[in-house]
Amino acid sequence: MCGVFGIYGHDEAANITYLGLHALQHRGQESVGIVSRTGADFHRHAAMGHVAESFSQRTLEKLPGRAAIGHVRYSTAGSSDIRNAQPFFFEYAHGGIALAHNGNLVDAGEQRSRLERGGSIFQTSSDTEVIVHLLAQATEPDTISRLLAVLKQLTGAYSLLLLTETKLIAARDPRGFRPLVMGRLKDAFVVSSETCPFDLIEAEFIREIEPGEVVVIDGDGMRSLSTSESRPPPAPCVFEHVYFARPDSLLNGRSVYRVREQLGRELAREHPVPADVVIPVPDSGVPAAIGYAREAGLDYEMGLIRSHYVGRTFIEPQDSIRHFGVRLKLSPVRAAVVDRRVVVVDDSLVRGTTSRKIVHMLRNAGAREIHLRISAPPTTNPCYYGIDTPSRSELIASSHDVSEIERFVTCDSLRYLSHGGLMSAVGGSESRADFCSACFTGDYPLRPDASQGGADLVRLRTTPSRAESEISHG
Amino acid sequence: MCGVFGIYGHDEAANITYLGLHALQHRGQESVGIVSRTGADFHRHAAMGHVAESFSQRTLEKLPGRAAIGHVRYSTAGSSDIRNAQPFFFEYAHGGIALAHNGNLVDAGEQRSRLERGGSIFQTSSDTEVIVHLLAQATEPDTISRLLAVLKQLTGAYSLLLLTETKLIAARDPRGFRPLVMGRLKDAFVVSSETCPFDLIEAEFIREIEPGEVVVIDGDGMRSLSTSESRPPPAPCVFEHVYFARPDSLLNGRSVYRVREQLGRELAREHPVPADVVIPVPDSGVPAAIGYAREAGLDYEMGLIRSHYVGRTFIEPQDSIRHFGVRLKLSPVRAAVVDRRVVVVDDSLVRGTTSRKIVHMLRNAGAREIHLRISAPPTTNPCYYGIDTPSRSELIASSHDVSEIERFVTCDSLRYLSHGGLMSAVGGSESRADFCSACFTGDYPLRPDASQGGADLVRLRTTPSRAESEISHG
Amino acid sequence: MCGVFGIYGHDEAANITYLGLHALQHRGQESVGIVSRTGADFHRHAAMGHVAESFSQRTLEKLPGRAAIGHVRYSTAGSSDIRNAQPFFFEYAHGGIALAHNGNLVDAGEQRSRLERGGSIFQTSSDTEVIVHLLAQATEPDTISRLLAVLKQLTGAYSLLLLTETKLIAARDPRGFRPLVMGRLKDAFVVSSETCPFDLIEAEFIREIEPGEVVVIDGDGMRSLSTSESRPPPAPCVFEHVYFARPDSLLNGRSVYRVREQLGRELAREHPVPADVVIPVPDSGVPAAIGYAREAGLDYEMGLIRSHYVGRTFIEPQDSIRHFGVRLKLSPVRAAVVDRRVVVVDDSLVRGTTSRKIVHMLRNAGAREIHLRISAPPTTNPCYYGIDTPSRSELIASSHDVSEIERFVTCDSLRYLSHGGLMSAVGGSESRADFCSACFTGDYPLRPDASQGGADLVRLRTTPSRAESEISHG
Amino acid sequence: MCGVFGIYGHDEAANITYLGLHALQHRGQESVGIVSRTGADFHRHAAMGHVAESFSQRTLEKLPGRAAIGHVRYSTAGSSDIRNAQPFFFEYAHGGIALAHNGNLVDAGEQRSRLERGGSIFQTSSDTEVIVHLLAQATEPDTISRLLAVLKQLTGAYSLLLLTETKLIAARDPRGFRPLVMGRLKDAFVVSSETCPFDLIEAEFIREIEPGEVVVIDGDGMRSLSTSESRPPPAPCVFEHVYFARPDSLLNGRSVYRVREQLGRELAREHPVPADVVIPVPDSGVPAAIGYAREAGLDYEMGLIRSHYVGRTFIEPQDSIRHFGVRLKLSPVRAAVVDRRVVVVDDSLVRGTTSRKIVHMLRNAGAREIHLRISAPPTTNPCYYGIDTPSRSELIASSHDVSEIERFVTCDSLRYLSHGGLMSAVGGSESRADFCSACFTGDYPLRPDASQGGADLVRLRTTPSRAESEISHG
């Protein structure tokens, strides 16, 4: 997953973008980058790592200008490489252009092969670079025409920001898989993957950018174009609501926090159980647990504490005491669970190993019964539109039924929210037409790249053994 | 503040100590160190920074042996120096000895002057080094006798671990200001500032080490000695319960989580208010907010979200948008507070600036009324026993009454828990004899160093301009 | 300037390349890189900095395979960027290919503009990338045909190594501006900018690669092709003999050391002076000073000592004592020069500032007279074939005559070797047909890019303000 | 070995000290430190590594004041520890004091044991710390009296600088083992191990500090005291002349360069051989080779080139090609030695392994005969006065006669300068009374610590396994 942020018309464009990316950090922790612009000169800083550790006062000062775009990128095994850090910047016959992309093109593999056969040289293993080459080869007379021509050639999910020598352009694919919103900060326009940065920078939320819409911002203000004449039904990602977006964001006109509380209420109605206390898996399960407890009339307790000190650098000792994993991150509060029947609420169960450790931990802390409740349906299918779900074979629900998973996790009962309950909470219809919920249903709005088998294969084209390492001494 | 951890009789003594310190990380983030021992050889690694970033597999491998002690130290302005990182290790006429100290000696200034006049050379600005010099000059024939003689000369707060060539020794001052507990991990003994590491390493809690007790652990097992014949009344720190200890720890026989929930209930009884929702300041206010909501019969909501990505390296942009401070760390959830009368529960209000920002933030998110409730009495006096409270002039409650603070914070109402309510929740008596609550009352069990004015002056002896910087190139 | 090294058919190809680059370090200190190959997989490590500090045992282990090429690059102000570090590696329709280039294409600016207009995207500010794009667009059926077609389109200086999935290819431009030699190490073939690495790795020198020759090495052995049918006269760079090459290398069939000693002898014959002692500017002036002293019958002394400890990181204090420059690097030996008439021999005088400081230093050490002798003609013209000479305005000899420079340097006399003397020492004819000596004569064998003004403008296309900075956190 | 430098009365005391240490870098590359002083405040920066890489503009700015002392320390295996980096700084009853020491106390082991029995705690494994403790325990009323009393208790070699709150003090032991000189820079006094920094900073050499002299510099100027009434015969180290000092220094009133040239002349007279050319082992053998060639009437050539790029970080590849060692550092110039009878001059032959590799290298380059000439007698005994000679068992000359070494080195002949020749060149008498030449003769002016066996055992007290590692994060 990724997050994008852009601003046009502010004296501190890079500073605001930096803060915006900080608020979008949950959407990607692998790499971060900002490109700003002064006149026809572009300035770029990109790094592996978190926003906070990748920018200093000095690097921000080297990003002057009144327009900027930024990007945070999620960590996925094997393709971690500074060359894939966005925004991409390139110079072509028409000057400089920078580009930040959230989403995934389903036919990137085919497009890349075709372009390479025509003499194009790819520098990254990212599907996004296909857009770069298509833009460089487009022959239309102006940037907007070239962009619209390129977008017509793309199939897949994209929420896209482009920074040219005069414009900030935001584009969202016709199905609207990934979110993209617009706001105002004094005289400046801002665009962002979610609304949560707007609270931080004190910007005003204007509206979502529509599926299939292209918004062009320049010295003449803002205008709206459309990528295509035919309008396929929108299919925004329901997983953003369940799991990915920050609870203080608005998504599809709804509060993510309130949707999650509602998921907990639906879950309590679908799967009640005699119990003494409801506890969340922090922090992801908190709103749903509050909803569950309220609907069920049970006490809510903070029965698991999350450590603030587990960073990426923690080393697990290698010998007899191993596999601390979740125990380093979560600790049980004995007083909250001892001798009680406990309902544990979480928003997902992917491989089952974390849930198993939590159950073990609570059992050791004295819980009498442990009932696991998941505020979403079982995740059974991979995402081809930009979320790095594990492969099918790692998704326990794609090969095991609920009672098998229950036994693996060793809880007293395990229940998932139904697809109907999910749709009810997010305001969709049971017919599944309003959202993409392919990860729960296998019903894909767009077919992935047939010849290549989808996003993963694009990544494999540049094998890890060809990965380049570059270290700067100085 | 600091935390100590030690283990005797385990093949992976340093690994376990590393995990123990990780669980005690909340007690100190400035520096961390471990000393282990093989026979008469001691091995030490100390560093500025967090546990996770200060140890690698390689450094842990360089700490062999079946006994180890460790220390985490709190960050205080000005005296941040690797030389102050504990455990201290020194060699003297009787071999090597390592030492880790939580607490503060109230007469360290006087003792240091006296020792320097006698030819002693101090290497650190820490009060703990006084203990080192007294031990080196003690003339008793064996380690235990020397230690007991030295402890008789100390005045103040200490929970102390020593590692000698044959023993692990744990000592707690006669008033028992700072906690110290003991447990078993298979055949090994463990000692720790709090019980929370025991869950992580799967050790069994045995009991607290008593005020005035010295516990000696060696090849012959464990035995208990006493530091003094006269037994002054114990005075364990009540602030550990309110604020400092981890909620999953047991302290003075009580669950810290349950005590905090009880503080919230007392607070609701003392200071009710017509409202729609109770929200905590996360994570510190969560248990008390749950207690308040339950007692008041109000809805509990997660109205503020804590970011996981605000580390020590975050740079605030310098120009027009400033003073983000708490806004980078906390975000309001509009859906939870909009158009509602909100009770905000926190465990302390020190300078008032953070609370003021939170009130502003919630007001912007649409809260109709904001009632601030603090689950402890006003903090009016500095601590001389090891907690780095701000100086009196920075404690807003030492110079302003509640209505003045209310105006400063701009909330609709502000109320503190009474001292009686506090004592009721922690199980103490109103007579104040059972706990040290000097930070709330000014009633100090032990007078600070008269000639010097207390702990701060010890720190000032080595001025920052004399601070040494040492960087290792390799 | 740059250096290239390659090997085919050795189990430790990357290790040998690393040693080879170490011996070529004098040809470039800005960046270094190695690409190795196992089957169709390429492995690359490139870094800013010296060979020794840029490779560790671990990075070398990540470069497996029996074939490798490497590159060292010279530091030039403004274009210092890891993206310019070679060897370049790219994937195109025909698989992977790596490329290392010493030299400079004189029409790179024009070629780049033409390619960008056709949709190509450039990633670096290096002229070498033009070759990459031409190769990607070539339509010939096999690699060798494509390469020969591309070489025909190039104008300028190149000693080029390419590593493909099956071959190591070495190519030298028709004029042979930059050197390129070939050797054997057991069963393996090695190619290198100079012969000096062969002594280190104990390889056997075979022969120079001829101007206009393409050597292809693969599993079938070695074969030689020609880039062009018309054969222009060769024009190897005479500055390599005077200044750039290492004295223990063979160049154009001659010992560089012996040529330099001969330059000193010619200099003594052309410009004798009554004196007591001859001293070199170490280490560059040593062989010529030995030749001068021997021809003149004067004592040779080490009157200036070179410090081994002046690295790139040395900070000059900023205040009253400044401009240490050459004094930190060179120290006078009073006993060798006091009260004596001293002849100082160096191989070049570019801006005059260093010579001026040396004269001042020797004067302070007590020298009675100081006669400066330069073992080459005045440098008056920039190089367009790969040597980073200062611009014309910085070359003192392009705007001042010898007596003016003499006064600036404050020596008692200054004399340069004549062009005839230079040609006599290197074995060329006075007609200038055998070498490129354009930097001394302005007589360029190939015209630089007319529309662009030469190499510098290629660099300026990506302005420093667009330079990208990338920092990897881990 | 170590170097010391100090200055009193200059606005840029730390900057000058930094430059002074840079010029003394050959005396120690393990660690470096500077202490400066403003009023009663001392400022210290110490680091492992070279001067150039250990100080930045920022660290120099943190060392204000008009007085400073500095120290460079030699790298010795096993005791490499930032805690041993000098100058030491300590605070005692009389305020702050800093101390830098070149030399070695022969009874440090005994003194340390005695002090530890009295309650002293040692922080380092350095003999120098004994002086610190003696100073802290001295009861005389003023600093000078205390220092004189302490110096009377010391046995061994010391050239010592002390910086107190008002004074800079320089002291040299009664035998004057290690050098110490004094100069002026405008109104400031400077003291230094050698004269070579004076040329760099443009200071004027005044005179040597005499054996047994204590020089006190403060606001009242400079005055000279004596450490002892009895005056033993001076015994300055002859190895400084032969090997250690920089050739541009003056030592005992003589030019080191000229002495070394004279050593070469003596060597030619004692050990002539029919040959074609004389070459030095650079850079150490250059002056003696020039002297040899001149005396013998033979050609001098630069037959071996020294690489400027072999730093401490160079990694030797691990597999089939190993033991590059000297080949990475030195390269033969074939043209200078091929088919010739070569005399190779060096200043020492310690283990014989380097010489053996040089002979092999020259043989491969085509030399017909190789005659090795050493400009000093065989090194047969360890130094107890501050030079880190290898142990006796590693000194090849302590167990093998010349013909055996000749065979090991595989040269055609090997000859050493006689002790008489050495004394003649340095201006000493054959009776050996004027210099310490114990490393050549075993005739020690002072007996080493009998109970401990000398300097090495002091180091071993803190075993490597007890070594402390401290890394600062931030």
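Letters A, B, C and D mark the chains in the order given here, with residues in each chain numbered from 1 onward.
We take it that a contact is a pair of C-beta atoms (placed from the backbone, for glycine too) under 8 Å apart; a residue touches a chain by one contact, two chains touch by 3 or more.
Computed from a predicted model, the values in this text were never measured in an experiment.
Among the remaining chains, C is positioned farthest from chain B, on the basis of C-alpha centroids. Chain B and chain D have Cα centroids lying 49 Å from one another.
Chain B and chain C, compared by their mean Cα positions, are separated by 62 Å. Note on chain placement: the centre of chain C and the centre of chain D lie 38 Å apart, centres being C-alpha means. Counting partners per residue, chain D has 50, 53 as the residues that reach two or more other chains. Because contacts link each chain to exactly two others and close back on themselves, their graph is best described as a ring. Chain pairs that touch one another are A-B, A-C, B-D, C-D. Interface residues of chain A, counted against chain B in their complex, comprise 11-12, 15-16, 18-19, 22-23, 25-26, 29, 50-53, 55-57, 60, 196, 199-202, 246-248, 255, 257-258, 283, 286-287, 290, 294, 299-302, 305-311, 313-315, 317-321, 324, 327-328, 331-336, 364-365. Put simply, chain C touches chain A in their complex at residues 38, 41-50, 53-54, 59, 62, 82, 85, 89-93, 96, 116-117, 119-123, 132-133, 136-137, 461-463, 465-466, 468-474.
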